[in-house]
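For reference, chains read A, B, C, D and E in written order, and residue numbers begin at 1 within each chain.
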């Protein structure tokens, strides 16, 4: 048992459990915080995959921006604990059955799929040793993926404009 | 070094957990968070493939996914806040004005 | 059948053409303009037209006697591949004799109607219809092919329908009209099939071609429902079905008595003299076909015999004067068929001609009485008549002549024709001839009995209908009595054209018709003494009937009630006309209506077929309602359905290849 | 390997983004909000010009302006012009919605559609699809000014849409795992070598899920009626017409360029879903009283009909799919412009039973609606029939007679909802006051669309020709290397 | 000039009402009488054109005449291909005349949405004539289905109390049928790459395929005819439609089914047609008797006549499927006859319905007293309907039954009972409506108006014309039917 595996298992177990607890927790604040735990662990997982840049982005964007946003909203809405009410939707058992069917299906199929190891035809081979991960990402992001990058920019613009626009006071007619 | 399969299994498990939350919770905020969990599962998937195939595209997709997650969170949360303001609820089974 | 001495004329002949078309023209003009312009002069045009028709037909008759035969088409009516049918005329001795009789009798009846129908709101209509009828009757008689025969056949039926239902406000009249038409239609069903099969086997509908092709089918058999059937028999039988309908023979006779709802001249013209004899005419016209099948001849004779006996038995029990005469018509028609059935076609035709006169006379005479009593609730009831002899002498005497004629008293027309039939039946080469003769003899006395029953009840005894008559009962106007007189003369004289050679006559009619109808089918050695004996027996039978009537209705009136009381069952049976109306009502009409209403409409149409149609619509609707319930409006459920959709995709994926 | 950064090629999109950003910028300062409409109109007309005259070419691997995408973009822009006219008409009566943002979001969404049509790799297509969808969420939500529950429609659309995007990402992951690329051309190379056919098929299926959600095929359809009903009426026509058109055109493009070897299997996978869409869309449309909801279900069914061409797995069939969607786009714009006309008078008129005896008030409008409804039902001599006819033809050509038979039987059911609308309009009676004003923003779109519906119905040749040519372009260029 | 007309005569006849439509379309709905006159004149000219077509028809020639073939959708090899032969030629004047009668009969009885009504009628005319002329299957289907639109409106808007149900039922029922044909048409195209009728009739198929194709076409036509188990749309539609609608339905629409059988189903799939002919004969006979029985107990005037249509069309299909030239000619002629007679009967019923607003037979009685001219004309049509010799009904039934007898005797024996039942119900109807005591309900009936009288006189003339001199009409079809059946054998 080498360290790589131990770290991986640790991260994986924490991620899984924190997300499970997040899903099952009654209070949204706990959910958000548990997801925060999961996301930080995932950032480290990305590190084990040699993606330093993404680790940073993950921490900054996910933990720093998105989850904080969630937390804000949870506090803004100021929800009571869902003690007296159901956590889950009606007919959750039926949903669960469908979900389990789907999960079984997915896992079974994916197992078959990943057992077929593709002969990796590395399309754009790179070696981390030569240049850093950040260099490669930057290089591709602003060349091959320039358009997509621009689109992402526009998407974020639209999202922000939309969010602002919606929350802004629109005159309503009742 | 863990193998690609292990990463993929982890990603599937995360995805499924997120999916279950997405399907079963009434709270809209939790549903949105579940989307984030699912996306995280996918991040693991892409990063792992990218890592093991020595291909940069996967990382870039991860980058895009994170950005998309931010955008979706912004939209979703603004809708939730608005719904809370207008309809005084954040539970999906109470928002059933349209059906049938 | 046309013998050598005849000259065949195949060119269009305007005189022959005008015989039927003058009445048609008169009819159309009267129908269209009658109401507005002619009103009570509506009779003029038809009568004039018919008079000219009559004259023309006498001209044509003379030409035929002089040895001409007309056979031509006006134009091709239907032409489809090997089917070619024209509207055309065949004037040979048979049709010449018929048209003369038809135009003559109808002319007289037209004249009579002027008086009888005077003042009726539908006066113009009546004359239009009756002229139209004459047109169709003449088309029937003159036709040279089966399709045109069918045209006339249905046409006279139509006019009969109009005229029976002439007083359409009366429910019974319109019922009777409808019944007549439909019963006729049943017969025509067979007739049409007969035409089809004739075409099928012979490939033509023209008489002359049919006759020339008959030998081809003489020994042909065809399988029908597993039985080998003789082809001539099949064709003849189907055609005879039509005759049964039109001539009101045994199973289809029910319409004729009801048809008496029409005005009396109509009964006289259509339901006695002309239309109902079309069946006999048709059998005579197609006699080569009928003769090919002995079985068919038997059936003709048998049906005739049944009808003859049945109606003769019903007639004495009826109180409606016209019905009695109607049954007598039935009986006489049966006689004619009996004659045909034993191969005595000429005798049948002869009886047809004489019968036209005396039966028309009977009806018109009865009409004269009815005219007198027309304020009575039921003017036809002989129970309110009586003692009219002194008030209506002309009517009495003419009616008496007619009754004597129908009873077969020597010297009158009926005697000659009836005697001819009986004699030829007795000597017939067909084995059932003797039986027919015997039955004919019995019926002859029955005929005499009920004929004189009318005479005795109507003209003797006390008049019982005072309350319905204003002042004294009186004779009918001259316009009615003159036709009576003419018909009375006809009832006597018409027989003289067929005085048999035994009695020193020339038997013109036989000579005249032999080229068409052939010699009587009798065994060869016929001794004169036997003929005399038969003649004596038939006269005796007639006299016996008259005597019986005298006994019951004049001498001992109590006998009548006694009889009806003592043999109650028989009497009721006869009085209810052998229960045929009830039989048909319960066996055919009611079940048909019941099946239509309960099975066809209620079950099949509304429940099964509509059920499937509307059911599928309802199924869609229910499915929609169910699906709406699934559509809960909860977004989680939506996502779940998406998951299901994915599962569907994946399942299909799994089953690929 | 050269990467071309020819910004001239994406000029249209750039101008769109710039102008819509500009609208957002200046919106605060202009009182009369109609300016945005005119800017939009000018932009769209400019776009027509640009699409016609900007040369074909590529921008990195991700974008390629070619005959196919340009032609379809042209159709989209024409549709968008009509929709903006409808919107103008609508917003005159719903003033609270009348703001620059409305048009700004519309333009953003159109940019997304353009990028989708031109996108040559899956990532671009995925992102462009999101770009197309996000403004629509906002536009739906905007309607809360008049209809508070309309937030619900936006939320449902959003949640379902984000689930769809997640599944698309899974699909991308699987494809990436086996091919190492997202570029369609490269994927097709892998497939041509008969490698990982089955694996890539499942990857495609996951992508298909995202597209199915946007197309609202049956089990993925449940958001559609809710979203349609809550959106402002012109936006509904946008979702039903333009979004679907773009999505299905893109799907065909993906199949043609990337998954050409798998198209028969893709067709087979689609069969149950497509049939269910037609059946359930039609059945549910019968049960609706709100005409927009009815049209939502009908749009589900129509997506199904268009999908029949995908089942046929035939190039001709694909061109018929596009033709079908084009006809549907035209018809739906016409229909919705009439609905806008009605909604402007009174919102309740969108309730089908309350439309009774409308024909006595505005026989002209009802006549136009009649033609459009028969076109939707697929009765000749309207365009709807020709479109259906072609689709069935391609299906039968591919030996799916039974599918065609079932689909066409469902079409019989599907005629009923439209007949019902006509029934209410023409045959039911009620008393109500109706004042109307024929505005040019109403007359132009409705007359153009009805005219097109009839013209295409009678003489479809030029339209099918041009669409087939766009497909033919791909068929000949399929084996070009980049 | 004349050649311009003659070369495109069919197009002229089909599209001429378009002029009227355009004029009416741009007329304000207030000018009702203008609209009426425009449509009347349009149709009169169209009728004259169609009679001009008859006059110029050369009935000795085999094959199609007045052929027009222009490119339409080359993409799928479909042409704007028109032409007439002896089978279809008579239907064209019949269609225009029927529309003419409809306009006359609706002159006063349509009071609301006048403009739309005449638009719909003219549009129907276009579609009807087009259907009879089309030789390209796509064009045919286009026209065939296009009729549904105006008919749906005519039934649904101006119809009786249950009009909506009937209109929708009519629409969906017939639509249901024709989609099978559509599949068949497409299949033929896929197989042979053309929609050209003249090419398609010469093709050979495997028997199974042929049977399926035949059944697909036959379902469409059988529903339109309508044959027995699929007839239930007809009573509802006929009953609830306004007079003009009933007349068009009875006069032309259900003829399309029979025409389709003769033109398409039989020559294109001869073996299958022969194979299934027994079935169709039996169905025809069932229709004849069954519908007759329904008529016996029906109290609704229009419904009765509607069911009688089913019965009469049973004769037509009987004639068609007997594969006999005489019966085939009879069937075509009977379709014309039935169009005239039943159309006229519906007009008659419409005339009294306009006055009393009752279709119940028991509501009437003794009508002959109050409306004698009307009663006489009704009698003419009744007689024609029951096939009395001298009227046109006889010629048709006689030829059908005679021809069928040559090929199938049993069917005729059963089918001919329909003649009896027909007489029974029609005469009973006549008796209950016109005879008997005058019902006080209808004591005061206004006499026939001039437009109504004109509309009834025209069919009366045709009834006797065809009845007494059918050769004029039979000659048109001789060559074509012979040719058609020659190809069948």
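The working rule: contacts are C-beta pairs under 8 Å (C-beta built on N, C-alpha and C of every residue); 3 or more make two chains touch, one makes a residue touch a chain.
Note that the coordinates shown come from a computational prediction; the quantities given were computed from them, not determined experimentally.
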Each chain counted as touching chain C and chain E at once: D
Third chains touching both chain D and chain B: A, C
Per-chain Cα centre nearest the global Cα centre, belonging to chain: E
Distance-maximising chain from chain C - centres being C-alpha averages: A
Approximate Å spacing (C-alpha centroids) for the pair chain A, chain E: 70
Distance from the mean Cα position of chain C to that of chain B, given in whole angstrom: 97
Distance from chain D to chain C - Cα centre to Cα centre, in angstrom: 78
Centroid distance [mean C-alpha coordinates] between chain C and chain A, Å: 102
Residues of chain C engaged with two or more neighbouring chains: 628, 631, 633-637, 639-640, 643-644, 646, 650
Chain D residues counted as touching two or more neighbouring chains: 123, 127, 130, 134, 137-138, 141, 144, 148, 155-156, 159, 163, 177, 180-181, 202, 225-226, 287, 416
Per-residue overlap in chain E, given as positions that touch at least 2 other chains: 172
Pairs of chains, among all present, that meet the touch criterion: A-B, A-C, A-D, B-C, B-D, C-D, C-E, D-E
Chain D-touching residues of chain E, taken from the complex the two chains share: 29, 72-76, 112-113, 115-116, 138, 141-143, 145-146, 148-149, 152-153, 156-157, 163-164, 167-168, 171-172, 175-176, 179-180, 182-183, 186-187, 189-190
Chain C partner contacts - residues on chain B that touch it in the complex: 22-26, 31, 92-93, 95-100
In the complex, chain C residues that touch chain E: 31, 35, 75-83, 87, 147, 150-151, 153-155, 158, 161, 165, 168-171, 173-175, 177-178, 181-182, 185-186, 188-189, 192-193, 195-197, 199-200, 592-593, 595-597, 600-601, 604-605, 609-610, 613, 617
Residues of chain C defined as touching chain A within the complex: 634, 636-637, 640, 643-644, 646-647, 650
Chain C residues within the chain B interface of the complex: 628-629, 631-636, 639-640, 643
